[in-house]
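Across the two complexes that follow, subunit A remains constant while its partner is subunit B and subsequently subunit C.
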Partner chain A sequence: METFAAVFDVIYQLFDNIGFLILAASGLVIIFGMMGVINMAHGELMMIGAYITAFSYHAGIPAPIAIIFAGIGAGLVGMILERLVIRHFYKQLLSSLVVTWGLSLLLSQGFLIIFGPSILNVPTPFGNFPIGEQTFGIYRLVLFAVAIAMVASVWAIFTYTKFGTRARATMEDPDMANALGVNTGNIYALTFGLGCAMGGIAGGMFALTATISPFFGINYTPLAFITVVTGGSANAISGLISSALSLAGIQTGINNLVNVYIGYVAMIGAAFVILLILPKGISEYIERRKIRVRKVTNK
Partner chain B sequence: MVLKVNHLSSGYGNVKIVNDVSLEVNTKEIIALIGRNGVGKTTLMKSLIGHIKSSSGKIYLHDIDITKLSPAKRAALGIGYVPQGRGIFTRLSVLDNLRMGENVGGNPRSTNFERVFQFFPILKERGSQKAGSLSGGEQQQLSIGRVLVGNPELILLDEPSEGVQPNIVQTIGEIIRRLRDEEGLTVLIVEQNLDLIGAVADHCVVMDKGSIVTQLATKDLNNPDVARKYLAI
Partner chain C sequence: MNKFLLRFVAGAAALGIITAVAVSVPGVNTAKAATDEEIVLCAIDDLSGDFSIMATPKTYGYKLAVKEINDAGGITVDGKTKTVKLVQYDGQSQVKRYQELAQKCIFDDEADVVMAAYTGAEREAARREVVRNKTIYWHNNQGEGGIADHYSFFSGPTPEQQVLPALKWMIENLGPRMIFIGADYNFCRAIGAWTRTAANLYGGEIEYEEYFPFGVSQWQATISKIQSIGPDFQVHCLVGGEQVQFYPQAQAAGMSLPTWSNVTIADGYEHKRFAAPSLANMYVTPGFIEDVPHPNSIAFTKKLRAMFPDMVYANEHAGFGYTAVKAMAAAWAKAGTTETEAVIDALESGIEVAEAPGGPWKMHGDQHHAAMHSYLFMVNEDHTLSLLTDLGYTEPTFLKEIGVDMRKEAPNRQFLPPDNPAWSSFFEGQ
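Presenting the complex of A and B:
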């Protein structure tokens, strides 16, 4: 029982860490991985999601519905930001970085002024279950499940829907898509909005575990970027999954061998090493392998 | 008349490339736009689909003034654009590339994949393959097939023979004629390949330094001196 509990503990941590990275990155994988926009304000959209969730919850709305509201709200804010600001800075990496950084400051300072330094938190639901001497929170497993469901939906939307086909085409060659009758402006706004909606949902999910403040986003933006960049954009979804698996794996391993802080540092170090070896991210390597395998089997 | 261009000028930034071009393409005509490298043929095609703004002049599709419309609106009105370099979405499957053409002609419900497969059977075979893995000739067929999925009336073809092996060029030529004869399409084609021009064009419009300098009967290009003067050969 003792060893079982210890093993379970490690697996639980691994799931928790994977879920955290995927959830934090699930919106950014669209916005940066697919659209190529360095959105430094992504964490602030998650923050907006957290606020919407908290306000709705305290107004008596059940948490799951409050989180859906968070997605819708953040998605709408995202579409407005895209039309007003972001769209002027596509393909301008540095400008978009500066501009979205500015947006992130505006949003967090704005929330600070309007709502003060903190608001009433939302309790974590579902309670705990014991294994041996230890207890484990059920909600962490729910986070993991939702993270998987979110990447699966992003993948399905971009693979199987008409919107998804048009969005992928537009990201590859907007002029050509436009010349074939696609309103690419709408596609950009919807895609960006979808990424923000995912961020809003993630923010809402995290709102049930964390302190909600105007600077909530800072906890997520860096890790979201590290995960998405390590995954690469050759295939943003498989990249996200493989980078979350490897980074969380290393973090969990070192965490248990040494301690939490070294585990965290090791994860970031691992991201650096992966990017040194594979500058375009893990997914580029996977795609290359696939093509090679296909060529060999074709012969 | 399907397409009418009136004193059109356009270019990149302050650099004027297309200079006072007037041109007419009648229903079910196949007109070849020829001229040496860099004279502005592609720039004119880009102005016609709307990728670059015209600084002066007018473009009419039938009687509709499309000079200020977005490329998407021009496509919806029935212009099928097959650009130089083919404009394939390399990361999409062949089928998804074809689906992207359904807005051409503005009636996405009337899409016709079977018609496309009848002209280009290879596209059916390769349906689920990534378009980037197709050969040059197959990509060219995909680019033409893609606009045919919709309902174009006028097809703008920019150097379909470029980087395509000769037997496929011949197939493409036959298909262009059939599109006109069987489907009643109108075609403006930019070409440098004498065989292809000879096989499809009703007559030729010659461009030099951004302007239309003369018109030729297709058979005039049989004279090597004429051909050498107006084409990059």
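Presenting the complex of A and C:
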């Protein structure tokens, strides 16, 4: 029983860390991984999601609906930002970095002025369950499940829907897509909005287990970028999953073998080493392997 | 020059102008040099930014004290009756603002006293400027203590009034086994050293001690570790937006061990700001908060709320900001002048503030720290506070035991528990 509890503890922590990375990165994987926009304000869109969730919840709306509101709200804000600001900076990596960083400062400081330094958070639902001497929160597992569901739905949207096909065509070759009758402006706005909505939902999910402040976003932006960049954009979805698995795996292992501080350093170090060996991210390597396997089997 | 570059340069220029304007706009009150009819009290506090939640009530304490002094006719110094003029600046929760605003207080406003800062980093940025220019400096909330400087005075509680009596009570009533987790910086390192001292003095054991960088927000591994140790209670010094994520995560994981914290409730009234019950079973040791049932406390909170109806909570800052101004008023009256050395002599003669919000308060002249009451509260499930015990009126003795007497000579440095020869064995092998 004791060994089972210890093993379960580590697995639980692993799920928790994977869920955290995937959720934080789920919107960014569309915006950066697919569209190539460095959106430094991604954390602030999550922050907006958290605020919408908290305000809706305290106005008496059940938490799941409050989180859906968060997704819709952040998505709308995202689309407005895309039309007004972001669209002028496609294919300009450095300018989009500066502009979105400015947006991030404006949003967080603006929220600080309007709503003050912190608002009442939302209590964590579902309680906990005991294994051996320890108790574990159920909500952290729900976070993991939602993270997986979000990745699956991103994959499904881009693989099976008409919008997904058009979006992929637009990302691949905007001029050609435009010539073939795709309204690429709308596609960009919708795709960006979808990424922001994902961020809003993630922010709403975290609002149930975190304190909420105007600087909520800086918890998530750096790790979201590290996860997405490590994953690479050859295949954003498989990249996200593989990088979250490997980074969270290393973090969980070192956390338990040494301590939390070294665990954090080890995770960043791992991302560094992975990018040194595979500069285009893990998914590039996976895609290359796939092609090689296909060639071999075709012979 | 291409179009984009042009736009970028124009944008940068606009940003530069905006920044320049924003920086040149002075703090809350534009102040001219003091007239002869006024004593100048210059206060620098975080009215905006992260720490405004903690520091704003302190400025209410200053305003109430100054109003009471002036309504009573002012203070007679140098043959004239003068009123106190309060000059206030916004430190914006940014350390670098404290240095420049301290200079502004001294050179532009010719302040007779400067009261500044919340955090230790802000305190040192302002304090060094103030004492370098031979002006009296006050820090008016809890601190790690041990600063022995000729010009610096401290109205708030130190670990002598908080860590030691509180952990003694915790060890006696809850058991000896504790863990310590804290942020990795000087204040929490000092609290860690005081926790070690308390454990050694009162028969406690620290079973696990770890310091975390500010960015840590994923706590499951630490929660598991603490649960597997199963201590009698925890000691926390978790600071900042990321680290306080510990509480909702611990609550979700079903961990509700008693926790003593030095940095919660008394400064940031988190029990009013976080959803219940995430802080339930937390123990705190303020020198004053509005829940303290002392008659002084009740009278003070009533006056303060009448003057500032929007105040969320009268925290420790409000109480000790008020106390410090009252102590300075008493010192000016006693010295009969605003001349710095004479006022320091008066402060060192043992100024008392009978109406201090937390109960009787007395400056110890040899140590520049005060004797005061501290109170042990527990946070309930619904985030109300229960007073467990008055920890009593505690005299500051830490600097005296090291051999410091600032009436004779000020060493102008900070001392920490390992500097006390009687305690050095607690820190061997560290």
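The rule we apply is simple: the second predicted complex is superposed on the first by the 299 of 299 C-alpha atoms of A that agree within 3 Å, B and C clash if a C-alpha of one lies under 4 Å from a C-alpha of the other, contacts with A are read in each partner's own complex, and residues count from 1 in each chain.
Criterion: a residue touches a chain if its C-beta (ideal position, glycine included) is under 8 Å from a C-beta of that chain, and two chains touch if they have at least 3 such contacts.
Quick caveat, the model's predicted, so the values are computed rather than measured.
Asks: Going by the contact rule stated at the top, is it subunit B or subunit C that touches a larger number of residues on subunit A?
Replies: C
Asks: Considering only the touch criterion stated at the top, classify A:95 as touching first (subunit B), second (subunit C), both, or neither.
Replies: Touch partner of A:95: subunit C, not subunit B.
Asks: Please work out whether A:177 is in contact with subunit B alone, subunit C alone, both, or neither, and reply first, second, both or neither.
Replies: The answer is first: A:177 touches subunit B but not subunit C.
Asks: Taking the superposition as given, does A:114 touch the first partner, subunit B, the second, subunit C, both, or neither?
Replies: neither
Asks: Touching A:166, do we find subunit B (first), subunit C (second), both, or neither?
Replies: Only subunit B; A:166 stays clear of subunit C.
Asks: Of the two partner chains, subunit B (first) and subunit C (second), which one does A:277 touch, if any: first, second, both, or neither?
Replies: It touches nothing on subunit B or subunit C.
Asks: Is A:59 in contact with subunit B, with subunit C, with both, or with neither (first, second, both, neither)?
Replies: neither
Asks: Contacts for A:84 in the overlay, against subunit B (first) and subunit C (second): which applies, first, second, both or neither?
Replies: In the superposition, A:84 contacts neither subunit B nor subunit C.
Asks: Going by the contact rule at the top, pick out the subunit C residues touching subunit A in the complex.
Replies: My answer: residues 4, 8, 48-53, 184, 210-213, 215-218, 220-222, 224, 227-228, 230, 241-242, 244-245, 247-249, 251-255, 273-278.
Asks: If you look only at subunit B, which of its residues touch subunit A in the complex?
Replies: Its residues touching subunit A are 49-51, 70-72, 74-76, 81, 83, 87, 89-92, 96-97, 99-101, 103-104, 106, 133, 146-147, 150.
Asks: Across the complex, what residues on subunit A touch subunit C?
Replies: 9, 12-13, 16-17, 20, 92, 95, 112, 116-124, 126-128, 130, 133-140, 209-211, 213, 215-216, 219, 252, 255-256, 259-261, 263-264
Asks: So in the complex, the part of subunit A that touches subunit B is made up of which residues?
Replies: Going through subunit A, the ones touching subunit B are 162, 165-166, 168-169, 172-173, 175-184, 291.
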